[in-house]
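Look at the two complexes coming up: chain A is in both, with chain B in one and chain C in the other.
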Partner chain A sequence: MSEPRRANSVLMRSSEITKRVVVTFAGEDIAQVKDIIYAANGGQVGGFTLNGRGFLAGPLKTSLAWASVAALGPDAVMIESDSVLTSTEEVLASTGTAGDGQHGDILGSDVLTDDGSNLGRVVDVIIDVTGVHGDQADVVGYEIAPDPKMGAAERLLIPLPDTLAASGEHLIVPAAVRNFVSHDLAGFGAAIVAYRNQLNGQS
Partner chain B sequence: MEWWVWLIIVVLLAAAAFGGFVALQAKRRRGGVIIARENRRGRKSS
Partner chain C sequence: MRFSEAKRRPVVSIASADTVGRLNDFIVDPAARRVAGLKLKATPGNGDLLPWANIKGFGVDAITVADLDAIVLADDNLSALGDKHHAPLNKRVLTQAGFELGALQDIDFDPDTGELVALILADGDVEGARLVAVGSYAVIVRA
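Up next, the complex of A and B:
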């Protein structure tokens, strides 16, 4: 059963979140978001891997679990203190994402419909963040660079169903998604609700 | 060889090393959306 989107939720692209600075309540600027960890148990954002501050700093060995995020604001990710950071392996394991290298980047993967059509390649991921303090964040759609056969030149937004199947290096979506593509985030929230209602047999 | 030839070689080698470091660092810092392999095969609604 799909749920309507909550009134206080905001849609944002994953690229808007990566590189956002991580700041403690004491005002310390301790890291930058590197990867968004997509939890294996239902499509929620499970946390973030981190880069050190400054170009010379590489990836950190610690990560930030979503439960430790105090607020996901437009300019920074707020946390209580640097003590909430835990090892990357621990965060990956808690989200069902194996810390043994058995995880991959969605960006660049091909999206196929269940009737075998290639819709395009994922260039960004759409995340629905609920609550002023970022109470919950779910992956609700992909932004794709469409396959030339689709006849569209610009990027398209496709909503994700509640249940999603994929195989190997491809991400599989129901063919009905073609009727719910959007060109911008403004109308995408309504497209997600309409798409999920149709998949669940509601009008 | 003339001293200035050595200078050019050293400058070129330093520039190549710095360029390589910058490219490697950009690759290491590049972000994405990571997901478990099993999740790529199917996720269930809560």
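Up next, the complex of A and C:
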């Protein structure tokens, strides 16, 4: 059977993760992902807020901390049992996120280079899931609707440095990012590595 | 032997040589990875459950039991495992890594022991030993 051997690292868009069903090892679908809670100043996935399953189900009061995720697969988010869900406040506190997640803040923000040029507006977040069962999930890039002066009609992928400065309004990235823009996820992994190496003076 | 082949097979009492029912459905114990028992129809009494331990022989033409007492009305284990919620066939098969393999079409089992040998999917087989659980949403297998 064509069951994929999970590569060491898989890039996903945050928009692919939201709505994904949350399933226990007992085979019960107990929730679906509503939104991503970011941790480490937007650099990592800290957990997920949840919606109930079914036609009329609304948001749940409980959330799923990243540490309790058994696997983030292409078809489902796997957890051991529904007992790993905790209150949303608890997950937000553990990620150092006050109030309602930073997701809304990142989507729609302008990406500004440190030499003062606006690259475009963030429309999706690229997440790198590493480890056999998706043990770690780092934010490694943004998909942007490019500013007209970029001369690109389609969405672009821009890699992120290991750390970045973010406010609700702007995301500041080093200007060198211009040389590492990608058009699809296929070549994006290599672009992230090359960009980070250059920033670290290893190019 | 596959579940689909054995469906509707008559259950015959060795004591009376009468047909005492027909196989309607398999009841699976996913944790033990074996057939826990059978759900019958057309039984002479009220009982319609046949625990695996009460089967004398699971043959190609008939399933034999010692007598009618082998068929029971209620069994805590079988009643819990036998509801629709825990029926594995036609459910999606999901690995513990969150990858969907397809719908479960059939199950291959060992008629001597009741052990589940393989889960049959459109794209191929999954070893029975990989089975973890059967829930209302999915059949879970080890990645």
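In this section, the second predicted complex is superposed on the first by the 185 of 203 C-alpha atoms of A that agree within 3 Å, B and C clash if a C-alpha of one lies under 4 Å from a C-alpha of the other, contacts with A are read in each partner's own complex, and residues count from 1 in each chain.
We adopt the following convention: a residue touches a chain if its C-beta (ideal position, glycine included) is under 8 Å from a C-beta of that chain, and two chains touch if they have at least 3 such contacts.
Because the structure is predicted, anything quoted here is derived from the model rather than measured.
Chemist: Which partner does A:29 contact after superposing on A: first (chain B), second (chain C), both, neither?
Modeler: So A:29 only meets chain C here.
Chemist: After the superposition on A, what does A:58 contact: first (chain B), second (chain C), both or neither?
Modeler: In the superposed model, A:58 contacts chain B only, not chain C.
Chemist: Examine A:125 and indicate which partner it touches, taking first as chain B and second as chain C; both and neither are also allowed.
Modeler: Touch status of A:125: first partner only.
Chemist: Could you let me know whether more residues of chain A are touched by chain B or by chain C?
Modeler: B
Chemist: Regarding the shared-chain residue A:78, is it in contact with chain B (first), chain C (second), both, or neither?
Modeler: second
Chemist: Going by the contact rule set out at the top, does A:14 touch chain B (first), chain C (second), both, or neither?
Modeler: Once the two structures are laid over each other on A, A:14 reaches chain B alone.
Chemist: So in the superposed three-chain picture, is A:70 touching just chain B, just chain C, both, or none of them (first/second/both/neither)?
Modeler: Only chain C; A:70 stays clear of chain B.
Chemist: Where on chain A do the contacts with chain B and the contacts with chain C coincide?
Modeler: The overlap between the chain B and chain C interfaces on chain A comprises residues 2.
Chemist: Of all residues in chain C, which touch chain A in the complex?
Modeler: So the residues of chain C in touch with chain A come to 91, 94-101, 121, 123-126, 132-140, 143.
Chemist: State the interface residues of chain A toward chain B in the complex, per the touch definition above.
Modeler: Checking each residue of chain A against chain B gives 2, 14, 18-19, 33-43, 49, 51, 55-56, 58-59, 95-98, 102-107, 109, 125, 139, 162-169, 171.
Chemist: Could you please specify the touching residues of chain B with respect to chain A in the complex?
Modeler: By the definition above, chain B touches chain A via 25, 28-46.
Chemist: Any idea which chain A residues touch chain C in the complex?
Modeler: 1-4, 6, 21, 23-29, 70-78, 132-134
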